[in-house]
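Listed after this line are the structures, all set down as structure tokens.
Below are two complexes that have subunit A in common, paired first with subunit B and then with subunit C.
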Partner chain A sequence: MTGPLLRMDGVGRHYRSGGWLSRATVTKAVDGVDLTLAAGETLGIVGESGSGKSTLGRLAAGIEMPSAGTVAFDDAPYAPIDSAAWRRQRRRVQVIFQNPSQAVDPRLPIVTQICGAMAAHRIDPGAGRAGRAEAMLERVGLGGLGSRYPHQLSGGQLQRAVIARALALGPEFIVCDEAVSALDVSVQAQILNLLQDLQAEFGLAFLFISHDLGVVRHVSHRIAVMQRGRLVEDGPAHAVFDRPQHPYTQQLIAALPAASPAARRARATARPAAA
Partner chain B sequence: MSPRFVLTKLLRALLTLALAVTFVFVVLRMSGDPVTQMLPDDAPASVREQYREMWGLDRPLPEQYLRYVAGLARGDFGFSFRDDRPALDVVLERVPLTLELGLSALALTLGLGLGAGILAALRRGSTVDHATMAFTILGHSMPNFFLGILLILWLAMTWRILPSSGVGTWQHLVMPTVTLGTSYAATVARFTRSSLLEVLHQPYMRTAKAKGVPFGRTILRHALPNAGIPIATVVGLRIGALIGGAVVVETVFAWPGVGQLLVSSVAYRDLAVVQTVVLLIAFTMVVVNFLVDITYGWLDPRIGAGRREARA
Partner chain C sequence: MSLSVTENGGAGATGAVAHLGGATAALAAQRNPAPQPVLEIEGLTVGTDRVDLVLDVSLRVAPGETLCLVGESGCGKSLTCLAAMGLLAAPVRRKAGSVRLSGVELSGLGERRLRQVRGRDMAMIFQDPVASLNPVQRVGQQVAEALRVHEALSQKAASRRAVELFDKVGIAEPARRADAYPHELSGGMCQRVMIAMALACRPRLIVADEATTALDVTTQAQILRLMKALQEEIGTAMVFVTHDLGVVAEIADSVAVMYSGRIVETGSVDGVFDAPAHPYTQGLMDCRLHALAAAGGRLAAISGSVPRPAERPSGCAFRTRCPKASLPCERLPMLAPFGASQRVACHFPGRAT
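Showing the complex of A and B:
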């Protein structure tokens, strides 16, 4: 590999709606986005609801195709969706969604689901497969719970199981689309730390999508800010947070709840007109 | 399966059977005097009285009922007025023919219903989907006997390619099977389509796809089992109904099964035989329901047919 792991050039995703009885409208969920992601790096994507973050995530993962521009993974565009080559690529790119309980089949034990994902890619056929699944569960802190059904696990445990299922395929790149937003704050921290440990251990690249700036800042090397489908700011995490350039980024950061009363007072005096 | 689950099911089954027996017993005896059917119209009153006494019909209703139930407990289902032999024998000799028709209709129901339902769901909005749904409406709204008579008219009378009635060869089986099977297949197809569509839109189906699981496998492994509960329910009801529900079809095609026996026995007021047939139908329903309950647990381990919940 010569270039970055993931490269998006002028990527757009446009949805057409109406047009039969009403006038057709085109919604540009993602519009002219350029970004790169290196192996082992975390890029945080922030923005408000409807800013196109999730669409960008699906484009980056190759489970949706752009209507404009190119998405290149490992220097080549994704194969057409549903082709055999595309299915093989799925092993290298995983997605973790917001709600783990919807990402699992409710009627199968989690270890079966992990093995099912491996079976789709013929990883470790035979007895080794269950062992690998168990090892992955162990790694995410769910050792011995493989025979549980999804409804027998808490939200945090289930998200760990989903992470184990993704890891079992040995991916290089994981898109985390609001992966911790459905969990309560203490569990969020555990999952975020787990993801960071796994990144160090397996050299994973993350595209970390969240509306929660605090979460994104915690895990990201670089941060990109999205507004109405466009990237308005992009840079190292500390730079974006400490010296936001774009007014929208400044607004987002100002909207963060202050961590301490002192910080709250400082902010109040800095912006007397805000009240 | 825990003993508690089996015991509950068993008690419920017994209660169902008892209710069916009691209801039929009372209703039959309120519907008229069987002796009027057994004797010619001009039979003298003394002979009628003698017959009533002979069959125990002169006793008070509660006594008759208790005698009947006591007989059931001994395996005695009563005597057929018409055939003058045990009612159970009369009924049981009809069972194989009804089973033959019921099972072949079930095969058609499952093959056609599941197949068409799955195809319609996977090709939603396509011509196949629209055609399937149109046919299911037709299958639903056309009464059994009407379709049966149409088939007889075309296939037996006009084209003379199939026998119109009776039993014997596989050709005899075709029209009753089609008549009975297609309307049930319509129900099964609709349930299969709608419950499969619901599952196909679940996020975990997209997740499986995003993990690179091949399409066929996502359907077989995730979609169908998750869509299976409503399908199993409706198929179960249909299986139960296949034994008793063949009444109309058996009559139309002169198929000498249990259904036809029921119709003629009701007309003849052959009390013991009617009671035995109803008991048989109720028994089939109870057994099928039990099997469906077990299938639920197999399809969805969360329901776990009485399986002790693993502690979470």
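Showing the complex of A and C:
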């Protein structure tokens, strides 16, 4: 591979609503987005709810097709959804969503679900599967818990199980859409550490979507800021945070809660008019 | 400030006591050494017949004070709030302890009297405003109805007052928005409606359970600022549940940390942030991702997760996750004073030096 792992050029996704009895309106959920992501890199996407982050994530993962522009993974556009080529590509790109309980089958032990995912992609036929599934569970800190059903795991454990299932397929690129947003801060820290370790170990690339700027800042090499479907600013994580250029980014950062009561008082004295 | 300790001193003082903090409360304390707390919870135990979910919780909140209740999910924060509001639903019930609002015992009140007190003297704001609003009634009407019931206003006066309240909580075009149904408004807007509703009768106590958790940071900042300003204006006491220590830093006067159903540390917000004494509080502080910290490094995480109530370890419930756990921790630690404002339930409090 020569170019970036993922490349989006002038990508748009427009949704039409109404239009039969009422007047049709078009929502430009994603509008004219250009971005690239290198192998082993984490690109963070921040923005308020409704800004188009999840839509961008689905386009980047190839599970939704753009209405405009092109999305190329490993130098080739995603194949049409549900084609044989598309199913082969699925193995290489995984998505992890906010709510792990919606991503698993409540009726099956988690190890069975991991083996099932491998079977669907014809990975390690036969006895090799169970061993690989167990190794992945071990890797995410769930060693020995494979026979548990989803309801027997905490939210953090279930998200680990979802990560293990994604890992078992040997992906190169994972879209994390609010993947830690529903977890307690303590558990978020465990999962973020795990994701960083896995990135170092397997050279994974992440598109890390979150409305939580603190989380995105922590995990990302680069950050892109989204507002009303467009990228309004992007750059190295520290630059975007320390020297935000766009007023919208400045507004997001100014709204972050203080780190301590002392920091809050310092901010209040520095900007008395802001209240 | 030893006021609550001395008052409560002696045999019964095993529960947590939320100390006064913040300018308003401190001033009030100077003028009057023992203002009557708005909310006083003592020895509250909540559970089902089979298991205790909240154990021996004591809290007090003074007029104008904001107490933040923090802890991971499953630690009993919501049940404590629901018990304070008399909103527990079977099979969960209050098994022991008392809840007093401005000195009036609520635990014995019948459902009718309770309903009067709720809304008029105390109000609750939940995490999901859309689910708390009636989906088939215009939001203005919902607020007006609360006003009519509790303030005996005419239909017309109540509607007018509802629009005034919408304006006050920062809803643009309040008269037009009052005609909207909940699904026509954004989450932030619905939460403003809930706040307008909570404020409608100028209650003495507002209980907010993760009221800003689902909102974007910019909306959250606006709502926190709004609640603080309105609180200062009408002197309401507030219990604010959050798992976000950044939010605590923004609005709290005092803090109570819950773990597995018990309060493990309380104190002024400055005390708890400057010198967290309980290993659990320390863990929560250390795993924060505050935005301006150095990126990329490893986060200090608390290993494991909150035990299910039925599997709560004996003795100190935190000992299965605590880096300092040792033999004495098999005995339940009692809350004891620590530093100037704190109380902590740990056999080895404070940071190792």
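Criterion: the second predicted complex is superposed on the first by the 275 of 275 C-alpha atoms of A that agree within 3 Å, B and C clash if a C-alpha of one lies under 4 Å from a C-alpha of the other, contacts with A are read in each partner's own complex, and residues count from 1 in each chain.
Quick note on the criterion: a residue touches a chain if its C-beta (ideal position, glycine included) is under 8 Å from a C-beta of that chain, and two chains touch if they have at least 3 such contacts.
Since the structure is predicted, the reported quantities are computational estimates derived from the model, not experimental observations.
Aligning the two structures on subunit A places subunit B and subunit C next to each other without any clash.
Seen from the CA centre of subunit A, the centres of subunit B and subunit C span an angle of about 80°, rounded to a multiple of 10.
In the superposition on chain A, contact of A:V215 is made with subunit C only, not with subunit B.
Partner contacting the larger number of subunit A residues, of subunit B and subunit C: C.
Of the two partner chains, subunit C is the only one that A:V187 touches; subunit B does not reach it.
Shared-chain residue A:A263: touches subunit C; no touch with subunit B. Of the two partner chains placed by superposition, only subunit B is touched by A:S147; subunit C is not. Residue contacts after overlaying the shared chain place A:G156 against subunit C, while subunit B stays out of touching range.
Of the two partner chains placed by the overlay, neither subunit B nor subunit C lies in contact with A:Q250. Look at A:N99: by the touch rule set out above, it reaches subunit B but stays clear of subunit C.
Taking all C-alpha atoms of subunit B against all those of subunit C in the superposed arrangement, the shortest distance found is 9 Å. Within subunit A, not a single residue is touched by subunit B in the first complex and by subunit C in the second.
Within the complex formed with subunit C, the residues of subunit A that make contact are 48-49, 154-157, 184-190, 192-193, 196, 211-215, 217-218, 220, 237-238, 241, 251-264, 275. Put simply, subunit C touches subunit A in their complex at residues 72-73, 187, 216-221, 224-225, 243-247, 249-250, 252, 269-270, 273-274, 283-284, 287-293, 295-296, 298-303, 305-306. Against subunit B, in their complex, subunit A makes its touches with residues 61, 63, 82, 86-91, 94-95, 97, 99, 102-109, 116-117, 120-121, 147-149, 151-153, 165, 169.
Within the complex formed with subunit A, the subunit B residues making contact are 202-204, 206-215, 217, 221-222, 225-226, 299-302, 310, 312.
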